[in-house]
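Note that subunit A is present in both complexes that follow, paired respectively with subunit B and with subunit C.
Now for the complex of A and B:
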């Protein structure tokens, strides 16, 4: 067998190509962080040293050998709460982004394809939502719907749906008169077939980067909502809630109650942004400098 | 564009707060209230009228500056918000200036020293700070500068005894107008931490924005011409490129003001800053939905006004823009 065909050689080649440029490295670091947190979330009961909702030591203990990240005012282990907190953060973020994409993508397809007044009205509505401060809208919706995983995910989904709508709609309206679409129409394909089989596969890749970026924003928004007391009901471990709880004891200098939950939000959001940034520059090397 | 957008936003807010499955009256009174009490509350708030009529009553009131009365305090909501609004405006402007300063200078220097430490550090700063929740940064500052070093106050807007005579409601401005230096110092000490936290969070976007636009400008012919004439690099960056990059930067920055206001809600809550952000959170906590609706309508109004202002300023700065 020729050396070039061996799997390990090809893997090495591919990896060295990924690491040759900085964006590949960035995407890899981001992915590594994300995988770590996903493992935390999935295997939380096996990884966390204690039950996060049971008193497991003295209250207000600073970081010690038994409690690496200290304990809270109720004697909960901060490290265990962070590991379990990854569950809520990731679950809500993925749910919210999935719902947002499920609303935004079909509407964007239709709006771009049909055009005319329908398109103008829908675009205007989406632009209005898009321009509104997302967190404020999410606060309003979450306040009406009440606490709960699904409700929080829905309130976040509403503010990200327009992003998908805009990306998809603009692409659809620019390719809907391309030759391959006309050809499909000429051989008698129905609108449904054209949309799903011809246009959708062509516009979907552009969503990938948006998806990853939105996951970062969704985690941030969820943390904000639960910081304001609109997230999941305590004592379920949640980073945003833990931060607002920790703030009450800031004057007493119990720094470990805010530093560690904050760091976990930062690292997971950083993971998503690094990944999307790196992946974006890696996939479309030309647009790097002019983005944003 | 702006006016229909405002109506759509109003309609949306109305839809969210009145038609979504969660019943504001039920959640206001708690699940166990008897039917008659619920009916009476509904009537009191006008929630028993046809939904369209309710909307028109609401919009009509809005145009007369009437947002209805708070379900909790019974005060007119417009007055309550009017008292809180200057605090938010002051904080937002302060944060905006900090973000602008960091963004423009660091962004311009990063362009000038492309791929040198200042540029690389800028890119790292931008990615990192984008991942930091504003309330966490605020708490970090509170702990560091308030609890550990005891340099600055960590809550409120001003010490009660130093409150300046109110003219505009912006304490920094009022104390300067009346030349009340102790009040000015006190207000400044109070605004530094929340303003810095808010400004730093937004600065990452400004920094990237300035950098990418300036890099684009540097490849233009007029820069080449300026270099050929032997103009100093410093002047090329700050006078020639920055000026031309300003219109796209302005547009994005204006839109970021919406983000800044969302950040203000969290910052105000963190620092007990008495603006409309903490007002909104407080009203949600007490389930005072008329007040919540009013506050969000004001947010929508601010967004629309900012959009219009950005357009006008663009037209003034850049003679090529005409409407």
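Now for the complex of A and C:
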């Protein structure tokens, strides 16, 4: 067998291509962080040393051999709460972004394709939503809907829907005049066929990067809502709530109650950002060139 | 007297005007165009950029932008297709009338394999299985000289000439009665141009189609067309047989156009050109559109638009220099 065909050789080739430039490395580090948190979220019961909602040791214990990250004012294990907290954070982030994309992408497609007054009105509504400061709007909606995973996800989704709408709409309105779309109309293709088979696959790649950036943002917004008491009801482990709970004891120098949830939020957001940035430059070489 | 006899023409345009709405106002891209063609005829439409020739092609196919107004009547096989409901018109597009576009590099969907382009076209109009559709696609592709294996390729894996041949195969796969070729060879080099034209000519004969060839290349129409329409500033200024147009052009614009073609046989001829610019279709001049640049301009040209004058049967000139049925007397011009 020739050397080029062996699987290990090809894997090595692929890896060296990824690591050849900085963007590949960036994406890889981001991905590694994300995979870690996803493993935390999925296998939380097997990884976490204690039940996160049961007193498992003395209250206010600093990091020790039994409690690596210390315990809270109620004696909950901080490490376990962080591992379980990844569940809520990722679940809400993915849910919110999925809902936002499910609203924004179809509306953007229609708006860009149909154009005219319909497009004007829809764009105006989306711009109005977009012009609100994100967290303020989310607070208002979350306050109306009340706490709960679905409600928090919905209120975050409303903030991000306009982003997808705008990205898709602008791409569609430029691509719909391309010759291959006109050619599709010339063969008598239905509007639905043109939208789904000719336009959508050509505009979808630009959404991927927005998607991973929004995921990072959604985690921060969720933590913000929980911090303000509008998110998930305690004692469900949640980084944002733990942060707000921990800051009450900061003056007593119980730093572990706030440092570790904070670090979790920072690292997971960093993971998403690195990944999206790296993926963007990797998938879209033009961006990299201008920065060099 | 109108050209033609009692039998039904393949295509007949009656007073067709096309207006585009833009931010600045209405653009009159074509005005009062009367033209017709027989089955299996090749009609060449020539004119410079922006004279409304592509607009005319798109109007026949009904694929103009939404904010466009098409006035007049377009008869296809005796049926007025402008007044057809959208859904019925869509069933004609691609099946009875199809189109070959100008730029083969962008007229195929970059994310679709060739075979899906064919399947899409065929299944939109025909109630056949996917296998049958694939068979038809293979046949159409072989017709234009491309190996049927290439059906599994993506458009980017093909050269420009091959893509244009694929476009031709796509346009012809359902045996349409009329093909509109909008500058099919413009973006290709001369050798490929000849190849594409030969393929088009051959297939047209084989399938008994009518063809409208829209181009600014006088060499291309000379090669392929039976009759030629010359457009200027949205008007059809002259229409006649190929021989008449090339040997005995009547309209001053046609004459000037033909004189501006470089000729390698005559060594010491100065290359003539037409002074000035074509009219801005946003604000067309009063009267004849060519009056500003015409060497034989008269007072009447500046004030009123000349009518369609048939100096003999099937020979139209939109110019005040001529009178109805005056082919002989006007020869001294």
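Here is the rule we use: the second predicted complex is superposed on the first by the 287 of 292 C-alpha atoms of A that agree within 3 Å, B and C clash if a C-alpha of one lies under 4 Å from a C-alpha of the other, contacts with A are read in each partner's own complex, and residues count from 1 in each chain.
One rule holds in what follows: a contact is a pair of C-beta atoms (placed from the backbone, for glycine too) under 8 Å apart; a residue touches a chain by one contact, two chains touch by 3 or more.
Everything numeric in this text was worked out from a predicted model, so none of it was measured.
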item	value
Subunit C versus subunit B on the shared subunit A, clash or fit after superposition	fit
Degrees between the directions from subunit A toward subunit B and toward subunit C, using C-alpha centres, nearest 10	100
Touched partner set for A:179, first subunit B, second subunit C, both or neither	second
Which superposed partner A:127 touches (first subunit B, second subunit C, both, neither)	first
Subunit B versus subunit C as contact partner of A:190, first or second or both or neither	second
Which superposed partner A:47 touches (first subunit B, second subunit C, both, neither)	neither
Touched partner set for A:198, first subunit B, second subunit C, both or neither	second
Contacts of A:220 with subunit B and subunit C, given as first, second, both or neither	first
Touching partner for A:258 - first (subunit B), second (subunit C), both, neither	first
Most subunit A residues touched (candidates subunit B, subunit C)	B
Which of subunit B and subunit C A:91 touches, first, second, both or neither	neither
Minimal inter-chain CA distance - subunit C and subunit B, angstrom	18
Residues of subunit A that touch subunit B when the two form their complex	124-125, 127-129, 131-137, 139-141, 143-146, 216, 220, 223-224, 227-230, 240, 243-244, 246-247, 250-251, 253, 255, 258-259, 262, 265-267, 269-270, 273-274, 277, 289-292
Residues of subunit B that touch subunit A when the two form their complex	4-5, 8-9, 12-13, 16-17, 20-22, 24, 27, 127-128, 130-133, 135-136, 139-140, 142-143, 147-148, 205, 208-209, 212, 215-216, 252, 255, 258-259, 261-263, 265-266, 269-270, 280-281, 284-285, 287, 289, 292, 296, 299-300, 303, 307
List of subunit C residues in touch with subunit A within their complex	61, 63, 66-67, 90-95, 98-99, 101-103, 106-112, 116, 120-121, 124-125, 167, 170
Residue numbers on subunit A that touch subunit C, as the complex places them	115-116, 178-180, 182-190, 193, 197-198, 201-202
